[in-house]
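Written out below as structure tokens is the structure these notes cover.
Labels A, B, C, D and E are assigned to the chains in the order they are written; within every chain, residues are numbered from 1.
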Amino acid sequence: MTTAVLLLLLAFGAYLVAVLENWATSGRFQLATPAFSALALLGRESVLPRKPDRIFFEVAPTLLLISAVLAAAVIPLTPNLIITDLATGALFINAALVYVLVALIMAGWGPNGAYAMIGGWRFLGQLIAYAMLIVMPITAVVMRAESLLTTQIVVSQAGLWNIVYQPVGFVLFFIAAMALAFLPPFDLTTAKGELAGGVEAEYSGVRLAVFRLGRLVLIITLAAATVVFYLGGWQGPWLPPWAWSAIKILAVTAIMLLAGRYMPRIREANLLSWCWMFGIPLALLNIFLVGVLVLVFS
Amino acid sequence: MSTLAQYGLLLGLTVGTIGLVLSLYALARAIGKARTESGKDVPATAGQLSRDPVWVRYHARYYGYALLFLAFDMEMAYMYPWAVVYKQVGLVALLDMGVFLAILFLGLLYGWSQGALRRQ
Amino acid sequence: MITGARHGKLSGLRRLLATAMARDLKVFVIPGPDIARAHGLDINAAGLQMVASPRHASVLLVIGAIPPALREAATVIYAQMARPRALFVLGTNALLSPLPDADMTAELSQRDLIEGVQQLRQLFSAHAFRPDISDFDAPVLQIRLEYTCPMHPEVIQDEPGSCPKCGMTLVPRETQANMEHAHMEQQQTDSGTDVQMASTHEHQHMADDTPASVVYTCPMHPEVVQDEPGSCPKCGMFLEPREVKSESTHEHQHQHQHMADDTPAPVVYTCPMHPEVVQNEPGSCPKCGMTLVPRETQDTHEHGDTDSHANHTGMDHSAMNHDEMDFMSMVDVTKDLPRSTDGLPMEWIDAPFGPFFPGLPGGLLLSLTLDGDTVASSGALSLTESMNLLAHSPMDSTDFMEQLANMDPLTPVAYRLLACRALENAAGINVPADTARARAGALERERITSHLGWLTLFAQQTGFDWLMRRAGSLQLKFQHASLEQIVALKPAIQTLIKRLQRTLLLKSRTVGIGRLMPEATMRGPVARAAGLHDDARSADQTFTTLGFTPAGRKESDAFARLHVRLDEITHSLMLIEAAGAMESPTLLPVGTASGTGDATVETPRGPARLQLTLTHGQVSAAQLETPSTPHLDLVDPLMEQQELGDALVAVGSLDLSPWSSQQTFPQ
Amino acid sequence: MSIELLLALITGAALFGVGIYGALSQTNLVMIMMGVELILAGAMVNLLAFWRYLHPDNPAGQMFVLIIMTVMAIEMAVGFGVAIARFRAKGSVEMEEATELKG
Amino acid sequence: MTAQMFFIGFFGLASVWFGIVVFRTFSMVRSALALLFSQTALGAMFLSMQAEFLGVLQIMMMATEMSIMAIFMVMFMMDPGGLGEMDMTHQKRLSLGAGIVAFVAAVAVAVFVDWGPIADVAPDAAQQTVDLGLELLGRSMLIFETAGITILTAMIAATAVAIPPVKRKPSKGATHHEH
């Protein structure tokens, strides 16, 4: 029952993300547009490129969707509204989201096209940049919560949200989450102006619809994860817990979608070197600071 | 919910998602098949029919990072269990992990100094 | 009826889907969004959403009459779109063969565009599915199968079989059947002079300044050399252009053959890290100081001017003589591959970027050879066939002016002004000061429009959404703005520039990208970003009285070019206010005067120079120099060894116009 | 004896066998490394099965698995390092050519 | 037969099958990703064996590492697309024999050795992580620190071997990729 409710909420959330994304790119706030786009994609041909790696080409969109859905499964909206409160929830989110990379490599290699392939391998470079910045800040969050349970992580922020307790970690995680969802300015893998769509370039019709759906679920999952790890999850005064979760998740999603509009795409070389030369030392510093804070306040 | 039931649920989600995708594909198929026409299935490259197979030995210029990442990534395997018991163990844990991370950081610094942290 | 409809009866679910498709029109613009904006079209406002890949588009929007080479490319795009697809043509009723008949035509104006989109929606909801459709086909889509060895890409034959070098089964590969044809036609219509194929990647030759001409050679058979493009008589491959020092073409070629045939290969010395360092004597590498290692020159490498990369390899005889066919040696395979800068012999792929690439000006074709995501070498080619400078000789002066004004849709006013000035100069007419000022005002307005258009393209290339929207809408507003409107728009421009200076990542995206050596041929803003105060307006009385000073920067990179253009926008605003009038140039009556005229106008891309001969009021000879033509040659050195994104920013920063090319008439 | 343990051990044995086959039969360094990865994976399954069905109360069993994972990562890092160096020097990571081109 | 048994067998089989695919496909990317999914199936098998932390860790770590393996495969294999269907094996019979012998021997050991009493109950998943953490900081501390040193050695070795030393040159006109 909870699972069904949550999956419906997830679908609804993905729809809202689509509305927000459309708003961010076209400047028009239209509630119906994503529905029409989805139906139109369903009705259009789904072209299979010549001589593709058929398995990869078919599996990639599905894998993207699966990985996003599985990551969403361990995110609580209220203390009880969670699909499965896995004992290693915080780690499981990572594990599920790594398959976004696998999906994109498949989508890049599959169609045997130049733009797509470059896009796919670019994302591997992007993963090498952002991966440590996802896991290291989460470690710091876990240190405070003394548990990998996502619900426990929210409870641990009862007094003080993690965004205040470990702001450095929040900034790093937020940036890395945007890179994971290949949102602008980290959209190196689907860059329109550089790769004419990159890994998405060869998808059309229903396959593109599934790919886009996976991406939307991925964005909302990451926003929800940010809320759980840093913004106190369902906690907040006056309103019921689910409302707080919804408000926070949508706010984070909107920021994620809008931030990239105001700057050009990052250079791959810069992304890699900044993440390794500044990001990782900062993440280590964050762990150290949190370690000291945890010891001092315990 | 027992842990095994949890895993079952996750497996169910996976299978369910696959089912959803397959039914979407079936629906799209029922609406019509893609028509085979000349030129349509060639990977789109901005108005030219691309001709070479692109599956060649690809030069990933970030391999310096990749090598360091392979080793550095392993640290995470130790950090999660450590983080869970950190508060319980206290200062010893901080020192312990401090030494471990310092050792790894040395490796990072070495790679940095040797020019692994750049496009090759 | 929609020729691109899907097969099936429109009923039930399909009706719903057709309605949805009508609401969700994704458009691929040909020749490009830059041309659309130059014509004053706001595609987003018309309710169409632009996409980057033809696979995602349902509407192909063609703007204006486009030349044959672009029509063929557009046909490929159309064929690659998923059904249902519609062809929407603006501003021409001509047949666009080999494209199918247009599903919808409209005039070139925003109002007609919006109306057309409405009708297009009805068309989609009524005809997205039809039971009576036929396949679309065109000669340009024909694919010829050839067979090639995965290990030895130079082995190409028409029949399946096994590789003569290694015995592997050959794999089929598709190639555009009339690729040669497309380029041939292009070549002919361009009168053989202005195909600007930047010489591909030989720097020894690049460095010296001897005049070079282009010959065509087969990548497989270097002994095949001819003056015209075409296909190789031995293997049928498309011949590759290469630059040859003009005074020694024949001799050179002869020598080449000679050496390939029987002389023992001489030894040259090269750096293991920098394969481009080649010299005849031992020594150390000027780049890294390593001791050079001797290398025997191979046939494809010896002159250094054959494109050995084009077939991925400089495959050679040693592999051919390899007697043990059972074991394939990877050492042999990689031995003669060109080395990347880090010393790894990787395989390179050829990927076309253009003529309809979302981050580049429409009509510009970059043929890139990619080493991973790094550009190993590139060729730039304008696929727009500009009309002949003189359609017929002699030509009526007004017609001549109109023709020149229509040549480049990106900067019509500048070329119109150029024609006027040259004609008036030839006829010995003195232009009244206030007319000159009004013309200057119009030219400066166009400069602002053009620079804003460049900013939009740059933003599109780098995914900078906000700038794309802002600069795009400002460009449309400036296009036909009156003096008052321009004054009113001034704060908006100032805000835009201020925000750009504060934009995160913009600096890191552009600083150091596309740096040009000082000796490169530069024009216009590109030159001014390199510290050269080279501006045709400085020599113009009208502008000096308006208080003109050229903008300038020193760094000569994309960042400097961006800022020079921003500065010029500010300056132009001042100049317009000082001029106090704007008027599109109209030709003063030249009567039946005779004489020669010479005029230079600083177009937004740099100085354009027109020399013409007027005979009894008719133009009998003309010569045009444009800034974009020499800039095309800069593309290869700019892109070389750059990461793809950086390389595209570097090329973008040149602000090339594929539409205006250098011409002389009679030749 | 429990079926689960047996299943796990057989899986481990099968992975081990496939890995041995791969490591011995492949000519390319990178492919050989894949074989080694499979051998290590086989060992990992065995260790985990022993922990789970014989000594679930002793976390040292899990520790062994962690160490094997580390070994896998290290093997890959060093292996690829060597592969890059060899490829730069010789243009090949084929092992047959390593013997034939000594020095 | 319990569900647990079924899933252990199922994922074990999947893992082995993907492991075989690694050496049977011509496409190198497929080969690398087959290894990836082999490891993922192994992770799922760990989960079925109620080793939650290790299972999830396996699923996560191996995905990144095998993806990186994929790019190295594409860099260094002759025909990464597998278009030529080239046979890149040698001493096939010997290897097959060795593989089968190894398998049979290992199975024989598994079957014929008396493993002693079987524990039915695994510790609680959350408890496992805590136990492992305490183990890391307690008895196995030295092992853990040694692992750190080993990783350091690997990083240094890999860098030293693979990366050409930085050229300290008067960087004028040098590429801006270098920092």
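Convention: contacts are C-beta pairs under 8 Å (C-beta built on N, C-alpha and C of every residue); 3 or more make two chains touch, one makes a residue touch a chain.
Note that this is a predicted model, so its numbers are computed, not measured.
Undergrad: Would you mind checking the shortest number of contact hops between subunit D and subunit E?
TA: The fewest steps needed to get from subunit D to subunit E is 1.
Undergrad: Let me check something: if the centre of a chain is the mean of its CA atoms, which chain is farthest from subunit A?
TA: Most remote chain from subunit A, centroid-wise, comes out as C.
Undergrad: So which one's got more C-beta contacts, B-E or C-D?
TA: B-E
Undergrad: Among the chains, which has its CA centre at the largest distance from subunit B's?
TA: Chain C.
Undergrad: Using the average of all C-alpha atoms in each chain as its centre, how far is it in Å between subunit B and subunit C?
TA: So the centroids are 37 Å from each other.
Undergrad: With centres defined as the mean C-alpha position, give me the subunit A-subunit E separation in Å.
TA: 26
Undergrad: From the C-alpha centre of subunit A to that of subunit D, how far is it in Å?
TA: Computed value for the inter-centroid distance: 32 Å.
Undergrad: In whole angstrom, how far does the Cα centroid of subunit C sit from the Cα centroid of subunit E?
TA: Taking the average C-alpha coordinate of subunit C and of subunit E, the gap between them is 47 Å.
Undergrad: Check each residue of subunit D and list the ones that touch at least two other chains.
TA: 66, 69-70, 73-74, 76-77, 80-81, 84, 87-88, 93, 96 - these are the residues of subunit D that touch more than one other chain.
Undergrad: Could you tell me which residues belong to subunit A and also touch two or more other chains?
TA: Residue numbers touching two or more other chains: 42-43, 45-47, 50, 86-88, 91, 109, 112, 114-115, 121, 124, 128, 131, 147-148, 196, 201-202, 205, 268-269, 273, 277.
Undergrad: Two or more other chains touching the same residue: where does that happen in subunit C?
TA: 6, 14, 17, 53, 55, 80, 82-83, 150, 171, 174, 330, 333, 341-344, 346, 349, 351, 357, 372-373, 643, in rising order.
Undergrad: Which chains touch, pair by pair?
TA: Listed by label, chains in contact pair as A-B, A-C, A-E, B-C, B-D, B-E, C-D, C-E, D-E.
Undergrad: Quick one: in the complex, what on subunit D touches subunit C?
TA: On the subunit D side, the touching residues are 84, 87-88, 90-94, 96-97, 101.
Undergrad: Which positions of subunit A touch subunit E when the two form their complex?
TA: Its residues touching subunit E are 53, 55-56, 86-88, 91-92, 94-95, 98-99, 101-102, 105-106, 109, 112, 121, 124, 127-128, 131, 147-149, 269, 273, 277.
Undergrad: Please give the residue numbers of subunit B that touch subunit D in the complex, ascending.
TA: 63, 66-68, 70-71, 73-74, 77-78
Undergrad: Can you name the residues of subunit B that touch subunit E in the complex?
TA: Touch residues, subunit B against subunit E: 3-4, 7-8, 11, 53, 55-60, 63-64, 66-78, 80-86, 88-89, 92-93, 96, 99-100, 103-104, 106-108, 110-111, 113-120.
Undergrad: Can you list the subunit D residues touching subunit B in their complex?
TA: 66, 69-70, 73-74, 76-77, 80-81, 84
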